[in-house]
Amino acid sequence: MNKFKLMLLGASSLILSAGLPAATVQAENLTIAFIDALSGPFAATGLGSGRELKHAVEKFLNGKEVAGEKLEVEFLELDGKINPKESLVQLQNAISQGAKYIFHNSGSSVGHALVGAINKHNKRNPDNRVLYLNYGAIDPALTGSKCSFWHFMIDANVDMKVSALVDEIAKDKSVKKAFIIGQDYSFGKAFSAAAKKYLADKRPDIEIVGDQLHPIGKVKDFTPYAQKILRSKADVVMTGNWGADMINLAKSVKEIGTEANIYGIYAYGPGVSAVVGESGLGKLSIVTQGHINPPNTPEWAAYTDEFLAKHPGNDMSNERTVYGVQMLGEAFVKAGSTDPLKVAFALEDLEFTTISGDKVVMRGKDHQMQMPLQVMAHAKDGLKYDFDQSGYGVITTSSIPLENNTLETSCEMQRPS
Amino acid sequence: MSNLTQIRKAENIARKKRLRILWLCFAVILVVLPLLATKFGLTILTQICVASVFALAYNMLLGQGGMLSFGHAVYFGLGGYASIHLMEYVGTGGAPIPLVLTPIFGGLFGLVAALLIGSFSTRRAGTVFAMISFGIAELVAASAIILVGFFGGEEGMSSDRTMGPSFFGYEMIPQIEVYYFAAVWFFLATFAMYYFSRSPAGRMANAVRDNAERAQFIGYNPQKIRLVSFVASGFFAGIAGGIFAIQYEIVTDSNLNTAASGLVMLQAYIGGIGYFVGPVIGAIVMTLLNTVVSGMTDLWLLYTGLLFIGTVLLAPNGLTGLIMMHTDAYRNGKLSTLVKPYLIGLIPLTASFVGIISLVEMFSHRNEQTVGDDVMPLFFMNIDVSTSEAWIAFTILSLAGIIGLRFTIPMVRTAWHEANEALTLPASPTKQEGAKNE
Amino acid sequence: MNNAISLTDLRKSFGQMEIIRGVHLDIKKGERHAIIGPNGAGKSTLFHLISGHYQPSSGSVILNDEEIGGVMPYDIYRKGLARSFQVTNIFPNLTVYENVRCGALWACGHGYSFWQQVENLEDVNLKTEEILEKINLTHRHNVPASLLAYAEQRALEIGITLAGGADVIMLDEPTAGMSIGETEQAVELIRSVTEGKTLVIVEHDMGVVFDLADRISVLVYGEIIATDTPAAIRTNKLVQEAYLGTEVTADA
Amino acid sequence: MLETVIFSLLNGLVYGLLLFLLASGLTLIFSMMGVLNLAHAGFYMLAAYFAYTISLYMGFWFGILLAPLIVGLIGGLVERYGLRQVHQFGHVPELIFTFGVAFLLEEVVQFIWGRDQLAYNKPEILEGALFTLFGADFPIYKMFMLIVSVLIFITLFLVLKHTRIGLIIRAAVGHPQVVGMLGHNVPLIFMVTFGVGTALAGLAGAIAGPVLGTYPGMASGLGGIMFVVVIFGGLGSLGGAFIASIMIGLIQTFAIAIDGSLADVLALAGIIVTEETFMYDIWSTTMPQVAPLIPYLMMVVMLIFRPTGLMGARES
């Protein structure tokens, strides 16, 4: 040991003090944080939905007048790597930088972690609460047994989507065998459970010939799984896969030449539609919210055009992003404030019409948005918006109104007094 | 009594006095820094505490024992998981243990795991050890997904740090209390690791690193020496995991996978593995990159990679090594002669730095596919990337900087040599404690 | 028995090649014993066999009445046998002081201790300083070993070997590559530090051998062809043949 | 049952041979220089990206021809200006350096080509099915991959056995110091070896890109598996690497096809495992879940009990 240690310690504290001011750039008004996968195998999904979210925030929130003051929004993008721990590290970074609203899309395991951490945070810091606006972690438990006052789900949950999916399958009387495949984590398991439950309810004659989980984001070649599907002689494949896992599954299933129809909830969008291409025509159905083709309202078409003009090479595939931001804006006005507690109360049972013309409501008792769902088919003709400039996209074939889509909840909401 | 003995004894007393002052300074810095920090700064400081303990633990292997591990996050992660289980156990009324003691539990768990795995992995050093550690890390990370009971699968394990009995009224609710909790453990662990490095086992770890064969012929079993270091390192990694578990109240497979292991190696190496404090410097730099710089640019990982490669090729002793290069100049009292050449050298360095970073950032901004959004903030300016002037200006700046460096580098080098050359052979016995191998 | 080392029919093969072919040798306690022989005779291999660096193929090695064939080197060291190496084998990044101190740690009984500080181990430090004094490296104690001059490194090599205070010291060509002046100093050093100990030395420099040794063994093609006093070896017929007819003299 | 076996065999073979193509370059470098090139998978990825870009302008075939050459050249430069600098300090700094290169390559690729998956597709002529077996199509492209891999294996084997270069390489594996003694220009040999090794990885990347996807994460999983192949197969053993590759390829595909768990085995023995059973996690773990970790288990066990690997000439 010598004096240079001292110098070192001095230098390190210098580095620190140099770093700290840079870290203190605070929002003037309202800070919104987006935590999602910005790197790794699902980066494409995360970055895409981040761009859509940022655009929506610019359009709907920035400059909006709330209680006589113009909002100035700072938008933080943080890389949660679809990992619960990474996301909580970023949550803490976000909160300490003043974020009040946390948007998040992918990963139900992340969703659970965020709910747990935000519950604790809000309990410990009543003067500095945050809200979690979740538009992609759709494990039904998040608005069921694990529901939280601080969490709002801006997408139909797995049960709602799968119920609609099974309704669609049930229409086809020739279907005799179903194969379920999903990613090995809470969402994939919830999808599988829902598929089994609703198939048993609605078409008990359909035999489930496969119920497969695979590691999330790690399978490079899905051929062995595709071969299993082929061997099971399934008529339909039901999958909750998304991102790279959906792309690669579609590739392999296509390559091996199975006759089965695929029913998914994320089996469309950038990457997927282009890969499935010609061979998927008439064989791929999706249940999701929103309107891609046709856009349903001129406002929505104009909004989409503007987004695409600004982000060439991107696609608009997460309409619920816009719902969430729109809804938040409505709640700010209703509450006359951006204080998360007031806004949370304002959000409960908030009804509004989305930009694409759907009437939706944020159900107060479980914070699950109730919305109409659309059945879409993989298509080539009649598209206004394709994906990846491939000529392929999705087209709405039928709509499921909100009323047919309402499920009971097991949520016992704890509200702050 | 020989002359040397007398000198040593005198130096030893002086050394101990210096050490006491240093430890005191260290403590004071840890206490005072958060008072100056913002909320975000406080979060960063807490992260630095955890990262530093882990990096120091890692360096017990790489720097002091010569064992390159690609899987040391396993012990950090296992310590973290164990801590979460302890928190749950305490929280559900299992035992009234104050949770501020959690890290010691995480450490013990890391120790046991390191003992089990180290018993066979430390038989060899070098590539074989590196690859065993890598394989084990892959195995444990994969198991963490599969074995839901202990690891919680993809979701990991979470708990609540405030559930335990309070520790003299201290409940770790606000962030500042969490920081002081982390800081105290950082101090204790650093203290223990420093004295480990001065112990016979720690010194022999250096010897085995240098020459394992020779160590056998002075009575030491190299495997046992490696094992002792490995187990101690696992213990402190587990402590770091325990602090992490308290801070974030969650531990997942990403705490123990190979990416986490790679990160800690980066930290230790960038900081300088040849010095005791090196890993702390690395942890500070990397944490700032990860929090502050990542908020400024999406390319922070690219810069991290460049920093790392640059360190490996140009400054194998790390950032600490760059500072320690001036030890002799300081002893010669010639440090001040370096100020001028360094300042001159800094000009082209800054120019090329600003120029190249700007070009890289502009390229990336253009690739981001946002039409119409041509103006980007860069080094306190707003630059329009659609104009060729901006590109030309920064290209010229970079080139000028690089050309300037060609002239200034020899000058700086000469100045440095002159400042160091007057050096006579060191005479006092405890200067051996100086730079290397602490 | 008053033999420090006793070898019986010791053999070592590498694949098909038998390098040590049935060596019988008794080295008495307290004697200075040199092993000489032409290049490739197996002198270093014999050293490696005794010190545990290699495992014998067959035969026995007895150190102070205890079989040590196949025992690990560190265990042999702990039974009181220390050795040096022909090719300098030190801890290059440690200082001279630390090199020697490492050699003294085990013998002072500190083992794998991680609860003590080396600075506070007075016995170890005194021993280190005593050895440094003996090998004339006191003034260089703070220099990283890799920066030492060659002769200094050789001296350090011996210092590390001696620091543990073993009864049986084996030195493998301690003066290899030294100048005449350096060699003289080295011999004096070896003589003084091995006072009262058993010394086994392999050496090419016949001056050194005949100067130091009480007895000499001649190893040729893996066999001991003679063991005797220097005077007797000088006139031994077999030895002279082995050295291709050249007379073995002190100035060879 | 038979169809499963045959189909899994075919797929395992394709995957295994791709692994071999990747690992052959790594083995070459490892044998010759003693460096386990941690950036090998990074070069594989880099080549896929290059091949994509070239294919946009000059078509697929130029892509798979030029991309490996470019990557090989980059590899040579990395050796010349990077690895050689740290070589003198030993294997640990070398490993650290290649780790850094791997880290950097992943970032550079994202910096240049972005983070989305690229639409790198196979050419028209290789589209479609070659034959149909039990109702399942076997794509032409897979056969193409198979043929390229086998050709490379044969070429490498012949070069090693019958040329002067091969002689030097074989000598270097057993006795690294020999090469210098023969009066060869060792630095040049190292540079060329590294270049050729990375070019082989590049070839693998260029032909795997269209099937396994061209995206920044494409290297992450494969890198680890490659070390397993090289270490399990043994230092300097092309044959060992070949066997290890095929083994891993087959294990991966069969594990998914089998899809059983210990619980199923116990059930056969009449023991019913429920969620309450002690260590339920272990009993209920299925083969597809375990499949990804089997290679690492193979490597660790091999390193502990036989550090020379399956057919290795000497210890690493």
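All chains are identified by letter, namely A, B, C and D, in their written order; residue positions are counted from 1 within each chain.
Rule of thumb we're sticking to: a contact is a pair of C-beta atoms (placed from the backbone, for glycine too) under 8 Å apart; a residue touches a chain by one contact, two chains touch by 3 or more.
Since we're looking at a predicted model, the values are computed, not measured.
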| item | value |
| --- | --- |
| Pair sharing more residue contacts (C-beta pairs) when A-D is set against B-C | B-C |
| Distance-maximising chain from subunit D - centres being C-alpha averages | C |
| CA centroid of subunit A to CA centroid of subunit B, Å | 36 |
| Gap in Å, rounded to a whole number, between the CA centres of subunit C and subunit A | 74 |
| Euclidean distance of C-alpha centroids - subunit B vs subunit C, Å | 43 |
| Residue list for subunit D, restricted to those that touch at least two other chains | 110, 289, 292 |
| For subunit C, residues that touch 2 or more chains besides their own | none |
| Two or more partner chains touched - positions in subunit B | 15, 145, 301, 431 |
| Which chain pairs touch, all of them | A-B, A-D, B-C, B-D |
| Subunit B partner contacts - residues on subunit C that touch it in the complex | 51-53, 72-74, 77-78, 82-83, 85, 89-95, 97-98, 101-103, 105-107, 110-119, 121, 125-126, 129-130, 132-133, 138-144, 160-161, 163-164 |
| Residues of subunit B touching subunit C in the complex | 2-5, 8, 12, 15, 195-196, 198-204, 206-207, 209-211, 213-221, 224-225, 228, 232, 425-429, 431-432, 436-437 |
| In the complex, subunit B residues that touch subunit D | 62, 66, 68, 70, 120-121, 123-124, 126-128, 130-132, 134-136, 138-139, 142-143, 145-150, 258, 262, 265-266, 269, 299, 301-302, 304-306, 308-309, 312-313, 316, 360, 363-364, 367 |
| For the subunit D and subunit A complex, residues of the former touching the latter | 3-4, 7-8, 11, 15, 110, 115-117, 119, 129, 132, 135-137, 139, 211-213, 215-218, 220-222, 252-253, 256-257, 259, 288-289, 292 |
| Subunit D to subunit B touching residues, read off their complex | 34, 36, 82, 85-86, 89, 91-93, 95-97, 99-101, 103-104, 106-108, 110-111, 114, 224, 227-228, 231, 279-282, 285, 289-290, 292-293, 296-297, 299-300, 303-304, 307, 315-316 |
